[in-house]
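Below is one structure, written out as structure tokens; comments come after it.
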Amino acid sequence: MSLAGLRDRVVVLVAFQVLCPQSVACGIPQAQRIFETFAPSDVAVIGLHASFEHHDAFSPSVLKAFIHEYRLKFPIALDEPNAAGPIPHTMERYKMRGTPSLVLIDRLGLVRKHAFGPCDDLRIGAEIGALTQETARSAKLARVSAA
Amino acid sequence: MSLAGLRDRVVVLVAFQVLCPQSVACGIPQAQRIFETFAPSDVAVIGLHASFEHHDAFSPSVLKAFIHEYRLKFPIALDEPNAAGPIPHTMERYKMRGTPSLVLIDRLGLVRKHAFGPCDDLRIGAEIGALTQETARSAKLARVSAA
Amino acid sequence: MSLAGLRDRVVVLVAFQVLCPQSVACGIPQAQRIFETFAPSDVAVIGLHASFEHHDAFSPSVLKAFIHEYRLKFPIALDEPNAAGPIPHTMERYKMRGTPSLVLIDRLGLVRKHAFGPCDDLRIGAEIGALTQETARSAKLARVSAA
Amino acid sequence: MSLAGLRDRVVVLVAFQVLCPQSVACGIPQAQRIFETFAPSDVAVIGLHASFEHHDAFSPSVLKAFIHEYRLKFPIALDEPNAAGPIPHTMERYKMRGTPSLVLIDRLGLVRKHAFGPCDDLRIGAEIGALTQETARSAKLARVSAA
């Protein structure tokens, strides 16, 4: 799965683990609410299963059963193991500290927010709502003014 | 209190009653969270106490004690009684159906959303976040395209 | 209202104020749940409105409107003002420190528990459930062994 | 693991699955709260992992990781598969319909309650609290009067 095909949409990347209590209680339900709240043409929600521990307990069939039981509708990718260390590739690339993590990527493909741990619905809604209003041009301006 | 002085900001108007269970459990805490989440230069939260019933139970000192006990920080207005009927003036003007009600007004002073009853934090956050991104020009365009 | 007529039942006395946030969010809904969970022949729930502050804001019509709006079904008494100090009579008699407070009284009329602030449903359920099993004889024995 | 060694205590048997949303959100946290609320000399909480589906996803290492992540302190047994059908042995013996399920067993070893799905804390607290008050003699009487 590649994020390149999502260009022009706001991307919400939610890293989780099926055996992480905060992922199950907060991160996953929030990802599902985001998926149900925004138009898919504006916002893409992508789950990322980040198995950086409990390797012996995890198998793709565990994730498959979890997705079935929790009725998750958004696409979910398995993070690739990393030969260079314990943190899988995508988590490392996006500098995630653990699970649950949430990364917001704007319509031009640039990371605009990193969050680790539970996120407030009102604030995350506001940030996604603001990003959806950006055109390619205003996204550039927003980053210039933030820099 | 007049909304004219708030022009250029997004205004969140929250109508409530101190003896309305849904106002106390949902409307008031959400108004407080909105007040704490957005920059005051972008978003003004205004409470409106709408005493359309229990007139004998209500007095300004009840509202004052309520504001003190719930530690509300945003400004709160008392809706004016209406000689022409039971619905007070401001509630009638904004076509509110009861409490709690939430009205979103854009930077140009036009009503963009009415909601009656509990509101989802993620959705209301998204709507306020999107409105904060509008300039005077884009607010006009948004309304033209919605019409 | 007198507790003497409730002898032979376990009595749950819940002191609250209509303008106290913890009373409204926790104490009152828990009293209502206790009322709905136990048989009235075993457990009597009594509300006690304890107006030890905001005297100018409070009137019996405020309490009446509150009871109506929150659809409270258990009997509620107004605590008597106390000429000797700010704490009303019944609160003082039962040594309540504020609102919400919960007092458990056994079938023989003796106080078995005082709690100030929010109470855990599981624990309070267990304590009431245990008291309902006491006969007059076992209640005496329980107090002797606790002394 | 056998329940015979728990005779003289009230036993709370909680059947769950690590991939069952209601077990994770309600059944497991309630079992943990029961374990923390009652004295171990009065009440024994026993978890029962009931893997009647998703067999390919489940392995003892999944359960071990789950117990570690959720910091569960009460003993947990793995239900034995049943050659005669899909319902494992202990679930079948106690006539459980699915997960989460809760079974209350009195001090004499007799089942006093079956519940399937989420349980109210106040009610379950009351029932356990009442059972803890029973002596061997009163437990017999209670069952005779219920029959």
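As written, the chains take the letters A, B, C and D, and residue 1 is the first residue of each chain.
In the analysis below, a contact is a pair of C-beta atoms (placed from the backbone, for glycine too) under 8 Å apart; a residue touches a chain by one contact, two chains touch by 3 or more.
These numbers were taken from a predicted model, which means no experiment stands behind them.
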item	value
Taking each chain's C-alpha mean as its centre, the one farthest from subunit D	B
Type of subunit A:subunit B copy interface by residue overlap (half), same or different	same
Euclidean distance of C-alpha centroids - subunit B vs subunit D, Å	48
Where subunit A and subunit B are represented by their mean Cα positions, the distance between them in whole Å	32
Interchain centroid distance [CA atoms averaged], subunit A/subunit D, Å	36
Contacts with two or more other chains, residues of subunit B listed in rising order	none
Pairs of chains in contact (touch as defined earlier), listed by label	A-B, A-D, B-C, C-D
Residues of subunit A that touch subunit B when the two form their complex	30, 33-34, 37-38, 120-130, 132-134, 138
For the subunit B and subunit C complex, residues of the former touching the latter	18-21, 24-25, 54, 56-59, 61-62, 64-66, 69-70
